[in-house]
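Next come two complexes built around chain A: one with chain B, the other with chain C.
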Partner chain A sequence: MKNYIKLVNFEFNRFFKIYLVLIALTVVVQLVGAIYEGFNYVDFAREMMQNQMITMEDFVRDYGPMSIYSFIKTIWFLGPVAICVVTLLIYSLFIWYRDWYGKSTFIYRLLMLPVERIKIFFAKVTTIFLCVLGLVSLQYVLLFLEHAILERIVPGPLFVNLPISSLLNFDFLVILYPPTFIEFLLYYGTGLVFLFVLFTMILLERSFRLKGIFLAACYGAVALTLILAPLIINDGVGGYLFPMELFLIEVFLIVFIGFVSVLLSGYLLKNKVWV
Partner chain B sequence: MIEVKNVTKRYGRKKVLNGVTFTARKGEITCLIGVNGVGKTTILKAIMNLLPIDSGEILVNGERPDKHLYDKVSYTPDMLIVPPNLRIGEAMEFMADFYASWNQERAEEILTFFRLNRDDRISELSKGNRAKVNLLLGLALDIDYVLMDEPFSGIDIFTREEIANVFTSHLVEDRGVLITTHEINDIEHLIDRVIILDEGVIIKQFDTEQVREQEGKSVIDVMREVYNR
Partner chain C sequence: MKKYMRLFITFVFTVLVIGFLYIQHVVANYDAVMLKTLAGNDVELRKVVLDLSVWKDDINIPARLENGKIHISNQYSLWETITGAKLSPEIKNLIKKERNFMRGKVGNNENYFEDEEYLAYVNVHYITELRIENKGTPEQYEYYHHVPGLIVDVLEKESDKRWSFPLELSDDEDISFINVEDVQLMAGVLKVLTRVSPYEESEYYQFSTIDFTTGKIIATSKIDAPEEAEAIFFINNMKNLKPEHYYLFSIRMINEDMASEGVMEKYYLFDLETEEMTELSFDPGLYGKVVTAEDGEIYFANQQNGLEVTVYNIETEELKTLSFPDVKDDEGFTYVRQDHGNYYIAKTNQRNTIRLFIVEGESGEILYEGEISHNDEQIEIYLADLSVL
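Then we have the complex of A and B:
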């Protein structure tokens, strides 16, 4: 356990500079965006009210009020979120390939550590997962700040004071901030299993190189098919299963795929991966 | 003792090792010699379980390699294997964190021996000093065997001398050393045993002292005979 924590710490430190850049980018872009969007909306409202000789109430009726919900649909909000998601996805590949093809061949040292090699796998998964949780938490705090900024800039009659908790039921935010613990386990568990599968695919490629690319593609395809099969089959037979039955089957399959991926990765790291 | 028994390894269709069998003993310097691409590095990687073999067996002190192997054997490849953004001191701390066999006193001694500065960033070091850092991290472990892959490759004559001095120092005393090198001149007089490889096959192995005393030949003389040069 101690070695695992040390590995996580080491992996995290290697990503730390990029992570700081992501945090800074998100904070700066979203807060600047909130200020810009707030003033922009107020200017637009003022111009429209002057040009069309309408009241605030008329403007709100015609053009809609400003709210944090309007803001989260702008590029100012979605841009940094997309950049963080893409960066973390790329880093999920980079976290392994860097050790083979980086400025140093650190994979030699990693594989020669006197620890169970599966701990390297878990340390890398944990690093990515902690980074995701960190960014999601940061985003949560930023939502309150952005809400406060908009509330301060936009005059009361033009602003709809939506509570942040109600906002979390919208769109993708419901996945980032699941309302119940079961949903948290489901969404984040699925994300974790996705990482397990991705890492297993990388290790297949690192073990069998060219043939490994084919094996990795097959493994990914089988995992995806297994997850989608119950949904497709159930649709095909006109919804034979109850939603709860379908849900339990999906949960079982996700756990099964995660378990197989960890076992396979452990085997590959111990016996097949080469440098 | 490191025992390599009838080891075979293929890369695709190419057989890189073909029934390779030899032993490397504690307290001896064993040198694997051969031209490029004959499988020297492959053998070292196989011993360290960094490369799966197709058949045969490798034993270290009579046991099959597992995670405890790395507290008995260290391997120094001919490339940097720690993140270059680390300082030498940080790389040492990393090793100390993970290896029960890390010997800080010995590490400090090697640091002085190689005239390295623990505050220097590895990325800013010359190739020769990077090679020294690699050796430092391998030699500072209290282990039975040291494996070195081309430690003299691409470095200047003075650094080569410094590294060669390691072999006559107490730093490798009582350990088994298995080394691959082209630069046989630098350490010829230090080697106890030579294994000559060609096309993945051992074509000759001998004790240097025996050859010197009984046949009056140097390692290079034997190599010339073997390769008809």
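Then we have the complex of A and C:
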């Protein structure tokens, strides 16, 4: 366990600078965006009310009120989220390849460490996963701050005080913050297995190089087919299975794919991967 | 320890925020909507399922009273879809009892019929066809046409014998859609009430008799509003799966003698056995608003001075009145259901509370009286449905 934590800490520190940039970018862009959007809306409202000689109530009726929900659909909010998602996806590949192609072929040292090699795999998965959850948590805190900023800038009659808990039911936020803890485990558990499969594919490529690209593609395709097959077949037979039955099959398959990925990755790291 | 500080802070921050998020969910829903027993025994509630609509900050949160407990649900929750929490209590019950029959079935209560002998399901399905008009000419164009049909499935419970077949319906291009409103099984034949919505004319109902042993439609009749009428409405409790002998329709008539608001409603009874339609022999306005019809009875609610529910028995033409003087609200919808001689009545009361009564039909004795309310008086609670299992 100690070795595993050491490895996680090591991997986390390697990514920390980029991670800090992502955090800073998200915080700065979203908070500045909230201030800008708040004042922009107020200016627009003032201008329209003066030009059209309408009351605040008329303006709200014609142009809609301001709320945190309006803000989350702007580029100020979505931009940093998209950058974080793309960066973490790219780093999920880079976390392995930097060991081979980085300075002084670092993979030599990693593989020579007196620890079980599968712990390297788990340490990398944990790092990515922790970074994802860290950013998701940060975003949750930021939503409160953005709501508070907008509430301060926009006058009461023009602002809808939408509670953050209700906001989480809309759009993509329902995926980031699933409504129940069970769904949280389901969604993020599936994400974890996705990382297992992706890392196994990378290790297949690192083990068999050109042939490995083909093997990795096959592995990914088989995993995807296994997960989608029950859904497609059930649709084809007119929804024969009840949702709970389909769900249990999917959970079994996802756990199975995750288990096979870990076993295969362990085998590849121990016997096949080469530098 | 210092060298693990970054990792430690990130981990603790994540656990605290995500922990707060889900603990907050639980705390917010804990006992938010409360049921208080005012009289009688809670045991009476075991058959009652009451769907509520809780409005908080312009957002609708569905809630359900089931087995005497109130559960706040989330309409966006995938888990609730998986567990079937969003299904109607009657369909949940059917899935438990007749799991095999219910496989692959979609639709709502109105698509099902159940008595002691049979369980039947009828639904409309559409086959999409690509059609080409003006073929071979410069004006040629293609469009998708949806050909309607019926899916019929009948189960004889004791023998486990099933009749399952598709049925073709007349393909009329002027029809926008067809909806099954009720299914009955009477004297060995299926009787299906469908609502037909043409593109240009007003909606009407169609009553079809199907011999499920041969898989053929025996007869079809149109239940339409008279020419001077504005529209026709089906009043029966569509969620009821049990046998019905009568349908109650209301027809809105525009009375030319009266001012612009001169719209009057007439009520018609449709006898499913004789397929005859007769106008209700008395003025329903005498007893308040018509609430619904179920199991050979019509329910009226008068909300002028407290709540007064009048039960009219179609066969015996007897009237029975149940009074609830404590109910203050004179607006809102009243739900009345009957099961094994007991009446279940739910009504929105003042201060956005819901009152629920269970009354013994013969004696009029109140077996249970309860009140559903929210600890925040700003929150509005509405009734969405009442079922008795």
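Methods note: the second predicted complex is superposed on the first by the 275 of 275 C-alpha atoms of A that agree within 3 Å, B and C clash if a C-alpha of one lies under 4 Å from a C-alpha of the other, contacts with A are read in each partner's own complex, and residues count from 1 in each chain.
Everything below uses one rule, namely that contacts are C-beta pairs under 8 Å (C-beta built on N, C-alpha and C of every residue); 3 or more make two chains touch, one makes a residue touch a chain.
Remember, it's a predicted structure, so these values are computed and weren't measured experimentally.
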| item | value |
| --- | --- |
| Overlay on chain A: chain C relative to chain B, clash or fit | fit |
| Of chain C and chain B, partner touching more chain A residues | C |
| Partner chain(s) touched by A:272 [first = chain B, second = chain C, both, neither] | first |
| After the two structures are overlaid on chain A, angle v-u-w for chain B, chain A, chain C in degrees (C-alpha centres, nearest 10) | 150 |
| Which of chain B and chain C A:103 touches, first, second, both or neither | first |
| Partner chain(s) touched by A:114 [first = chain B, second = chain C, both, neither] | first |
| Partner chain(s) touched by A:184 [first = chain B, second = chain C, both, neither] | second |
| Chain B versus chain C - smallest C-alpha distance in the overlay, whole Å | 11 |
| Set intersection of chain A contacts, chain C complex versus chain B complex | none |
| Sites on chain C touched by chain A in the complex | 3-4, 6-7, 10-11, 13-14, 16-18, 21-22, 24-25, 28, 56-59, 74-79, 81-84, 95, 99, 102-104, 106 |
| Chain C contact footprint on chain A (complex, rising order) | 5, 8-9, 12-13, 16, 130-131, 133-134, 136-138, 140-141, 160-163, 165-166, 169, 174, 177-184, 186, 237-244, 247 |
| Residue numbers on chain A that touch chain B, as the complex places them | 3, 6, 10, 14, 102-106, 108-109, 111-117, 271-272, 274-275 |
| List of chain B residues in touch with chain A within their complex | 45, 48-52, 67-71, 74-75, 77, 79-84, 94, 97-101, 122-123 |
